[in-house]
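Heads up, there are several structures right after this.
Here come two complexes built around subunit A, the first alongside subunit B, the second alongside subunit C.
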Partner chain A sequence: MPKIKMTSIKKKYDNKGEEVIHDFNLDIEENEFIVFVGPSGCGKSTTLRMIAGLESITSGELWMDGKLVNDVQAKDRDIAMVFQNYALFPHYNVYDNIAFGLKMKKYKRSFIKERVEQAAEILGLTKYLKRKPKDLSGGQRQRVALGRAIVRDAHIFLMDEPLSNLDAKLRIQMRKEIINLHRRLGTTTIYVTHDQTEAMTMASRIVVLNDGYIEQIGTPEQVYNNPQSKFVAEFMGSPPMNFLEGSVKGNQLMLDSGEVLGELSQSIGDVEKVDIGIRSENIDIAAHDTGINMTVNHVELMGADLHIHGNADGKEIVIRVVPSEKVAVNEQVSLRVNIDMVHLFDANTGKALFDREKVNA
Partner chain B sequence: MQNNKKSNLKQFGFYLLLTILGILMVFPLIWMLLSALKSPGEIFAVPLKWLPEVAQWGNFKEALELAPFGLYIFNSTFTALVIVIFQFVLSCMIAYALTQMKFKGRTLVFNLILITYMLPTEATYVPSYTIVAKMGLLDTLSGVIISNIASVFTIFLLRQAFMQVPKDTIEAARAYGAGDFTILWKIMIPMSKSTIFVVSLISFVKMYNNYLWPSLIVKSEKNYLITVGLNKFFTSQGSFADKWPLIMSANVLSVIPLLILFIILHKWFIKGIGDTGLKG
Partner chain C sequence: MIRLKKAGKLFIFLGIPMIPLIVFWFVPMIVSLWLSLTDWDYISPTFNYVGMDNYTYAFTSDDFYQALKNTVVFGVFTVVPTIIIGLLLAMLLREGLKGITFFRSLMFSPWITPMVAMSIVWAWIYEPDIGLLNQVLGWLHLPQPEWLHSSSSALWSIIIVTVWKNAGWAMLFYSDALQKIPRDLYEVSNLEGSSWWQKMRTVVIPLVSPTTLFLGIMLAIESIQAYDQIQVMTQGGPSGSTRTLLYMYYQMAFEQFNMGQATAISTIIVIITGILALTMFYASKRWVHY
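Presenting the complex of A and B:
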């Protein structure tokens, strides 16, 4: 039995009557770090809130530890939740904030003290136990929120965009701390974010959501290397995947302009209209004219990489090359595409036309 | 430089206006205090005499001998305090239900409560009197208390204050094992304490100063509130010139509890008014 099992879950808000989560099915195993990722309004927070018990489930079943919990109140679900705005209690000091969940369970005072001090030690909050949340920085506040979650020894951690209010540097640091915490405690965690980098770096499995539907479930590698839809391909990865329009005829992959990109190593039959997805790292600047010409619009030196933005075949393209590459704005360059790494999507449905994992296996 | 001068002048004008308004507000109180210490002749002296030649501290003693003002003040303070406690408990629960619980007709309930506020209080005196009479609570302090325990004003302000508590905070409490009662008691009330404080204080003052309704309910002297007692004292002594210092002394005695309360709590009072946007 999985730790959390969600079967055909649907969500409708009473007043609108419009379904916001459609047929959500997911099994989450013990100790997993699941990340729900997607653009805003895709239903990721709603799903998390249904798991927390803060939002009712319109239909479907939610199982936790083998128990159907659809009608179990939030307070009885044995979960610990971390919110985007920390949701600390402003009138309590750090100690009382962290101790809140334990006090609710009516543990002995000495036990609570021990647990809170332990958590404060792990999170580097020992010095701040007497302070009120308003006297803490954003990072410290989020640590208090984490502390409140970890002392409870809950079976499930739910985190709703916990890092989005922090600055970039702190976000990276807290990301590491959360990963370490998960490694240390091994608690099953569901983490919601709109930041694909967080999803890629933290998750053991990613659930990509769009418009209330699950687009794909997989490990970060699977989602990145084998996106099952154009949406996932576009959403995951930075810079985002490049898309060109073309067709497949007798295994030949052609651009609409008539240029042949190469021969596919697997047969998918003739397709009149395909969207060709190519990651920026799978395009190089060719030494000689290949037929795909790009006009360079601008160049960004990212430190370890150089991103070259330009126009090719009427589309905007970004390629990632080594910083030593010498390219000037407005220059015309020829591109070479690694044909073995292209992703093909049906131009109408957006679905992947082949499964790269199966091809490469 | 010129701008600086202009803004200084503006500020001076502003403070001057505030000072004048302040004096106007506090003048009756000061006049009452001074008159309480004057002899009958000094109160009506022409030209006006500001300070008594010899402070007549005996006026207070004499007033206390003529009527049991101590008992009246106790009755008023006691009933006002109990009413405020009841109003606090009941209004908190209603405001919690109105803001945190989802039920059909929630807005309707709130609107109905508000509508009763539009009704002039005097219009409800006859039916209220009948109810209190049927309950056998006429001429009792319990009658005064029970007929005042529901306050639309308190419900309304607490509802507004509870609506300001961030949703996340309440949800966090819920997710960490708190039930409705704990959320109300440990989260909502502490987070709205300045509003609760100022509302309670306003209610206390209102109840302490309440005259017309209690004068209809209480009949025997032992149950007089200070407002009723003062009026009876005024009518029984007559408004003859020689009684005015005594009436003023009784007035001074009656405002002492409120003055003490305000002196102790004025910081909170001001903060609460600032937080709730209440004035006047």
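Presenting the complex of A and C:
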């Protein structure tokens, strides 16, 4: 029995004409760390808030532990939520903020004390229990919000962009802390973010959302290696996937310019217009002329990698090479594409034309 | 040179605005304080210096203590209900409700109506035999008090009018304060299962506390200075039951022409007001959260 089961869930806000979530279907198992990822406005928060019970479900069914909960009040769903803006009580100190849920439920003082101190210990807040939120740093506030969620021993954690107000360094640190916390507590978690890196590094499964539709559900590897739509291919991964336009004829993959990229190892039939997706690590600088040329626009040394940005076949692309590669701006280089790693998408529907993982298996 | 310029600026920006304060507040205060040490009768060109006599007289007269008690009762029972009703009204008339602007204006209209005009209407409403209130109570078979005509109910009648007039005003400030409470605090409360009263105690009351302090001080000062409604409805009666310190001051000055004693009372009023405002201000450090 899945921990959470969502079937055909739809959402339409009262004050807004069109539907914002269309036919959402998802099963979440116990202990999973699910990440909803997608651009701003795609409906991540809306979906999360429907699960929390803060927003009504227009149609469809939401099940938790085999119980239909559409009409169960938020407080009876046994869920703890971490908000983007922390939602701390400004007039309470750290202790009282963490203790909030337990106090509302009128637990014994000694029990509350024990739980709060334990949570503070886990989160490294012991020294700050007497401080008010305004005297804490962003990262500490975020930990207090996490503390309030974990003392309750809720069955499900929901987190809505909990790290988006932190600076880059702290974000990476808190990312680790949240993962460790999840490992330690094993609580089923749904985590919302617009940051694909967070999704890739944290999730046990990713749900990619676009415009109220689920684009793909899968592990980080599946989503990265086998994107089922051009949207997912573009959205997941950094630097983003490169796209060239072309066609398939007799298993030959051709660019619109006429250059042949290579022969596909699987037959998909002839396709007049395909979008060819190639990750930056699957393009190299060739020693000889391949007919696919790129003009270098600029070069970024990322430490272990060198990112070369340029124009090829009328498209902006990025390739990732070893730092020892020597290229100069405005230089013309020849590219070699690893044909066994390209992703093909129907230019009209954006759907993947084959599963890259199955082909390579 | 620079110093001179600075001093000049200081005078322009601080000194000039101070002028009206000095002319219209500080000088009369000093004059009044000095008058309270005399037996001037408002008309005669001469008077005697009597030292603290006026104060001794005040502090030993029963009338003074009755007026003091009336002032306190009037203050507490106008300020506290006005604040509570104002907050509840603001919560009731949340944004998003249909016809909100209409209801708000309705609630606010007593505040912009002159107290004198309102008091005249209420004096009629309160009329024991022909007034609206007792008519209604009669239909409902409820007891019909004498309202303004009985010393046991007159002060309460005036309190009701005053609360009614000010509640809409308090509501307006609370409406604004409520809007500024982050929505996610309510959502946390909903998730954690807070009851209505727990939400009030943990979210609403603490987060509107700066407004409560402001309203508390304003309304307290206003209650001490209440005059119009007493003048129109009861003139301090029956038998002094609605005579507050301020009304006592007025009677002594302009009915009995005893300027010395009147100004002594006024000095006491100023001191009480000052102490009250300061206490509320300092006490607020413990319960007001900015």
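Quick note on the criterion: the second predicted complex is superposed on the first by the 361 of 361 C-alpha atoms of A that agree within 3 Å, B and C clash if a C-alpha of one lies under 4 Å from a C-alpha of the other, contacts with A are read in each partner's own complex, and residues count from 1 in each chain.
Just so we're on the same page, a contact is a pair of C-beta atoms (placed from the backbone, for glycine too) under 8 Å apart; a residue touches a chain by one contact, two chains touch by 3 or more.
Everything quoted here is computed from the prediction, not taken from an experiment.
In this superposed model built on subunit A, subunit B and subunit C take up the same space, so to speak, and clash.
When both complexes are overlaid on chain A, the residue A:100 reaches subunit B and subunit C alike. Once the two complexes are overlaid on the shared chain, A:85 sits against subunit B and subunit C alike.
In the superposition on chain A, A:75 makes contact with both subunit B and subunit C. Of the residues of subunit A, those at positions 52-54, 73-75, 79-81, 83, 85, 87, 89-91, 100-101, 104-105, 148, 152 touch subunit B in one of the two structures and subunit C in the other. Only residues 52-54, 73-75, 77, 79-81, 83-91, 100-101, 104-105, 148, 152, 158 of subunit A touch subunit B when the two sit together in their complex.
Within the complex formed with subunit A, the subunit C residues making contact are 182, 184-185, 187-195, 198, 202-203, 206-207, 289.
The part of subunit B that touches subunit A in the complex is made up of residues 166, 168-169, 171-179, 182, 187, 190-191, 193. Of all residues in subunit A, only 52-54, 73-76, 79-81, 83, 85, 87, 89-92, 100-101, 104-105, 148, 152 touch subunit C in the complex they form.
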